[in-house]
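Take a look at the structures below.
Below, chain A partners chain B and then partners chain C, in two separate complexes.
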Partner chain A sequence: MEFFERFAIPHPDPMIYASMVAIVLVSIAIVAGLTYFKKWGYLWNEWLTTTDHKRIGIMYLISALVMLFRGGADAVMMRLQLSSPEMEFLNAQHYNEVFTTHGVVMIFFMAMPFVIGLMNYVVPLQIGARDVAFPRLNALSFWLFFAGAMLFNISFVIGGSPDAGWTNYFPLASNEFSQSVGVNYYMWALQISGIGTLMTGINFVVTIFKMRAPGMKLMKMPMFTWSALITNVIIVFAFPVLTVALLMGTFDRQFGTSFFATGNGGMDMYWANLFWVWGHPEVYILILPAFGIYSEIISTFSQRNLYGYKSMVASMVLISLLSFFVWVHHFFTMGQGALTNSIFSITTMAIAIPTGIKIFNWLLTMWKGKIRFTVPMLYSVAFIPLFTVGGVTGVMLAMASADYQYHNTMFLVAHFHNTIIPGVVYAMLAGLTYWWPKMFGFILNERIGKWAFWFNVVGFVLAFFPMYITGLDGQARRMYTYSESTGFTPLNMLSFVGAGLMAIAFILIAYNIFYSIKNSPRNVGDDPWNARSLEWATHNPVPEYNFAIEPEVNSSEAFWDHKKKKHTLFKGKIDKIHMPNNSGIPIIMAGILFVFGFSFVFSIWPAVIIAAIAFFACMMYSSFENDQGRYISADEVKETEEKFGGASK
Partner chain B sequence: MKLKWTLLTFIFTIATVLTGCEPLLVLDPKGPQAATTADVIWLSIITMAFIVITVLVLLIIILVKYRASKQDDDYEPPHIEGNPIVEGIIVGIPILIVIFLSIVSVVSTYQVETVPEGYEDQEPLVIYASSSNWKWHFSYPEQDIETVNYVFIPTDRSVQFKLYSHGPITSFWVPQLAGQKYAMADMVTTINLAAESAGEFMGRNANFSGEGFAENTFNVIAMPQDEFDTWVDDIHATADPLTEDIFNELLEPGHLGQLAFTGTHLEFSPPPEGEHGGHNHGSSDDTEQSEDEHDDSEHDHH
Partner chain C sequence: MKELFPIKQVNGFIFSLLLTVVALSVYFMDMSFTAGMTILLVTAFVQAIVQFVLFMHAGESDDKRTIYTTLYYSALIALVTIFGSLLAMVWDM
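Let's turn to the complex of A and B:
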């Protein structure tokens, strides 16, 4: 019996039981549906084993949207709990679990896959490649992310969710103060998906360096590809730190070491340092691709070339370097003294300079342009002032002396949501809408999209601007309740209303997808936005080989040159095309790691050992497998091209 | 355009709230340290408002002037690579602003980290503030008393809080007197502050520390020195002595009201400084010990 007791929820609640039932029912429905419609073969052959960067990208995006709703539900629960004083909707323990999972899900399982999904879909197209450098590794990256996400999400029905915050500071996260298996889940879910992300980083750096179309020098790459390159370089340098920190945390919790546990020479702030040495570059991993997306969209819908291309690249490089020298600003209050804090205060503020350059470059891109207010452009236009507010409050937080007052308050919460939502989330929504016709061959309904946009922006302002004020009035973050005498009530109620509007916005976005699948016209052509970069030079939706003929490029706006300056993109004739084979190995390996992680969480050592052996067996098998890929014959390519309305342009 | 108006209306609403209602705690300082941070905050708000308004105005002008619906169908926007003068300006102005704010930041950080200006000659009143789940213990080594969840301090006197934790990391915060500092289990950190008006101030742990975190608060009561001395005498006359057993009971996770004792726990449960510091690895080796003491004294004197 004792064995099974570990799997029980430590703090049960009717809502959790209802979720358990819902999860079981949905799983049964999915399995039954797939069986009834005989779709198992399709699912396995076309999606689960695919190595096509476009399909992997779409799977990332679907996962990200699902996780957005999970993390969003957490957010609405938190705002509801704080909407009135002494609210009894959630108790302290549940509130702690909810804000912990909200943070982890939104950063690791929503924002990261959203960013990586768009990079997966767009980057090979923008550089005129047929796939990424290591297609099977790319599939493995996705499935490791997916295994990590699933492992994290079952925590709240089996064994209990982590409850030490997404930053998971020790010693709060140690066995002494967090006794359930929740933090073990945190360690392994992030470990597994983090290794996947590290592989993505390596994969994209190689892809961008080695697989660009002829003529595309580094300084002729589209801005989104530039941002992807820099992002992936940051991933390669930052994620190993997370891997090591998580492993040390696991050792502390499960093998009795004391790296972070106090006593026996452990240091509690060691975790905080390692976490933020990874964590601060991480926020640039999220925001730089967003900058890239905005650059593409603003340029396209202003019908102008991107202003200051060189300074855009230079500022991103500068940001990526500085991102590794600012981590201490996450704990100015640790007591490391005025000198250390002064240094990190200055390096942090220095980031405002390249970021400011980018803001002005976007403004100057619109200057003398011909601005069309489509949904992607609306998000980009709203991004500029809102992100500026987020940026300047970041500068305020960077002033160490003032940070002693902002730290750990709602002011900080307002600031980072003010950068992440208009910065990253709007960019993802804008990018998704912008590249949607590229993926599926039709445009998302603009009318519903604009409604969603307005709900999003108004909701955001109402939800987060009041937090700046309550923070300055002494409301600490992560408090599950407050008394009426604090005077926080009206502004927290306003935040709740804002969160409700944002929830409506995201429901509208989901509805828009269903509506547009049914109703949108399919004859939008290959270039619905009058765009400028190479991904629009192929068909909508993109054939599996991307480009029938490898394009030749002579500027960062190759497709625009093709349209306006009669530059010939496609020289030569259609030939057979070499493509990677599908492989079941990645999903099997990820499944094995899921079992490994789950068993490790509950210290079921025989299963851990068996899973580890099986994992290495898969690696051995992959190493000795002779997979030369396959060819699509020239005739087949020609046939496909004709179906899309004529051979290459 | 609607967006701009929404934003503007909102900024005005915020301004009204800021000026109309009671002042926000952080911007209503009662001592020199909090006054410094409040000044820095106001200065940065004004500088930052200038930047936000500039961006907003530029954006509105550009959107109004260059929107497609206002232009000829055959207008073809020009290709503009960049202009050294324009780029010089957009790099130069942010650099100047950052240099200005960096100077303010460094100077004020040194100010709030040291004894408040004008109090340098005084012998500071030393109070050890240690947190346990989810309480604050205040030990007055000089007065030989200890309180739980409330602390009396004399006004117009330099007070030095020595912070550490009996459990998870916490953050000692009295917004109207000074900014935060972490209390940790393996070292002692220091806050220097002074209260310049009598009154009762909200203090709390600002760093999430588990289930009882929300209620992990304390009161700071500032009063003139003579009243403070009377209070100390009262405690000596009325309170029970703090024994190790009682103290261990106090440490049990949970919430307690306000308590007072004679004697402090520092005698039988020394703070993690000097030879008891977390960095000495429990070793009795002489050379290591002296190095560690050196380490710890650095921690104390910033």
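Let's turn to the complex of A and C:
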């Protein structure tokens, strides 16, 4: 029994026991359902082993939506706890675990897969490719992300959640102050999913450089593809830093090294430094694809070409470079001198310039446009003023001397939510709604979507704008309670109401998916939004080979040219198409890494060693495997095309 | 036969071994922290260049501009990260 004692949770709570029961029941229901409906074969052949970028993209999106609800539940719990003074809903320890989980889940397991999922689905279509450069690596990326996410999510029922914040600063995260295995979970969950992200980065840089349709020069790529390219370049440069930092942290906690120790020549502040060397570029990894999505949507629904294409690209390149020059602004108050703080203060403010250029470009795209206020466009239009407020408070925080006042208060919390929710979350919702017909062949109900939008925006403003005020009044972040005499009560109550409205918005979005599956008309055609870029030139939903004939392009809006300027997109004739084979190796490797990570968390060394050997065996097997892919014959392609209503238009 | 013998690569191999020995000497010889760090930084970057140019064949293909741009970009970011960290954590603390 002694062996199993390590799996017990250090801070049990009725809610955690309830979640344990819920997890077990849901797992049993899924297994039983799959068996009853005989769907195991379908699941394995069509989804779990797939190397199709579209299916991998959809799996990313499903995971992201599930994680959105997990992280959202954490958020509502926190707002409830703070809604009135001396609340006894969560205790201090539980609150620490909830805000840590909220941060990690939202950044790593919601925003990242959402961004990568949309890139997976859209980028190959936008550049006229049939898949990504390394389809099997793409599957491995997804499954590594998934293994990391699952590892993180079991932490609160087996062994205890991490509780040192999503930034996991040492010395708080060291063995001395975080005795449970929670922080080990943090290290390994992020390590495994981070390696998956790094692979995605390499995969997409190669895809975009090497697999564009004939005629698509770099400066003729659609804006979302440009943003994806730059994002993935940042991933390739930033993620190795996280990998190294996590490994050093693991060594400190499990092998007794002193990288981040306060003695023995170690330096606890160095964790914060490395974390933000990765962490600040990460912010742009999330926001740049969002900018790309807004560019596509605003241009489509204003029915004008994107204003200032070249300056859009230039500003993104500049942002990507500057993103590596600003990380110290996350810890202005750590004690470095005025010189350092001034340098990083100025580089930080400089980022406002390229971002401002983009804001003006979007406004000028809408100028004199024939605007249609669909759901994606509503989110994009709401994004512009709300994100600008977030940007302006960002410049306030960038002033190092003033930051001593704002640091670690709710003002900061309001600022980064103000950029990340209208910036990233709205973009993901807008992108999901915009490309939904591409994925599934029908449009999400607009009326429910608009209700969800208004709940979302009003809820957001009510939830986060009060924090600016309480923050300036001195309410610290990550405090699980406050006394009535502080006077924070009314504004915190308002925040809770806002959080409730946002929760309703997300429930409406989920309901909308079910409602539209049942009720939406399926005859929306291939181009329901009257869009401009190449992904709309193929059928809805997209056949597995994407394009029957490789398109030829001569501008960034090839499909618009095709519709309005008599540009012929598809010149060749239908031929056999080379496609990648499915493979079970990625999911098996991710499963092995899950076992590896789990055993490492609990220092069960025999299992760690066995899993490591099995992992390398899989790699050996893969390198000796002779997989040449398969061909879809020309006849089969023609047959599919006819089912969609005639060969390419 | 002479054209077939990879003289550049053999020389490069010897040179990279030499760089390793120099870097290793920092551990065995008694020198100041600054001197040791300088030697390590210089040998590390020269070593990286040797590896990229000679053994990973940067500059031998058509996409040599892309490869060198990427390398310069990486070097820039590595330097900014290293010196930025030194500034924030050591020199200006």
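Convention: the second predicted complex is superposed on the first by the 649 of 649 C-alpha atoms of A that agree within 3 Å, B and C clash if a C-alpha of one lies under 4 Å from a C-alpha of the other, contacts with A are read in each partner's own complex, and residues count from 1 in each chain.
Quick note on the criterion: contacts are C-beta pairs under 8 Å (C-beta built on N, C-alpha and C of every residue); 3 or more make two chains touch, one makes a residue touch a chain.
These numbers were taken from a predicted model, which means no experiment stands behind them.
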{"item": "Chain B versus chain C as contact partner of A:Asp403, first or second or both or neither", "value": "first"}
{"item": "Partner chain in contact with A:Val328 - chain B first, chain C second, else both or neither", "value": "second"}
{"item": "Touched partner set for A:Arg304, first chain B, second chain C, both or neither", "value": "first"}
{"item": "Chain B versus chain C as contact partner of A:Gln336, first or second or both or neither", "value": "both"}
{"item": "Contacts of A:Trp605 with chain B and chain C, given as first, second, both or neither", "value": "neither"}
{"item": "Which of chain B and chain C A:Phe177 touches, first, second, both or neither", "value": "first"}
{"item": "First, second, both or neither for A:Phe237, with chain B first and chain C second", "value": "second"}
{"item": "Contacts of A:Phe7 with chain B and chain C, given as first, second, both or neither", "value": "neither"}
{"item": "More chain A residues in contact [chain B versus chain C]", "value": "B"}
{"item": "Which of chain B and chain C A:Trp40 touches, first, second, both or neither", "value": "neither"}
{"item": "Common interface residues of chain A - those touching chain B in one complex and chain C in the other", "value": "267, 269, 334-337, 339"}
{"item": "For the chain B and chain A complex, residues of the former touching the latter", "value": "2-3, 6-7, 10, 14, 17-18, 21-22, 24-27, 34, 36-37, 40-41, 44-45, 48, 51-52, 55-56, 58-59, 62-63, 66-68, 71, 75-82, 86-87, 90-91, 93-95, 97-98, 101-102, 104-106, 108-114, 133, 163, 167-169, 171, 173, 175, 178-182, 184-187, 189-190, 202, 204-214, 278-279, 281-282, 299, 302"}
{"item": "Chain C - residues contacting chain A, complex", "value": "66, 73-74, 77, 80-81, 84-85, 87-89, 92-93"}
{"item": "Of chain A, residues touching chain C in the complex", "value": "209, 237, 241, 267, 269-270, 273, 277, 324-325, 327-328, 334-337, 339-340, 343-344"}
{"item": "Interfacial residue positions of chain A with respect to chain B in the complex", "value": "92-93, 96, 163-165, 169, 171-172, 177-178, 262-269, 272, 302-305, 307-311, 331, 333-339, 341-342, 345-346, 349-350, 352-353, 356-357, 359-361, 363-364, 366-373, 381-382, 384-385, 388-389, 392-393, 395-396, 398-405, 407-409, 454, 457-458, 461, 465, 468-469, 472-474, 476-482, 487"}
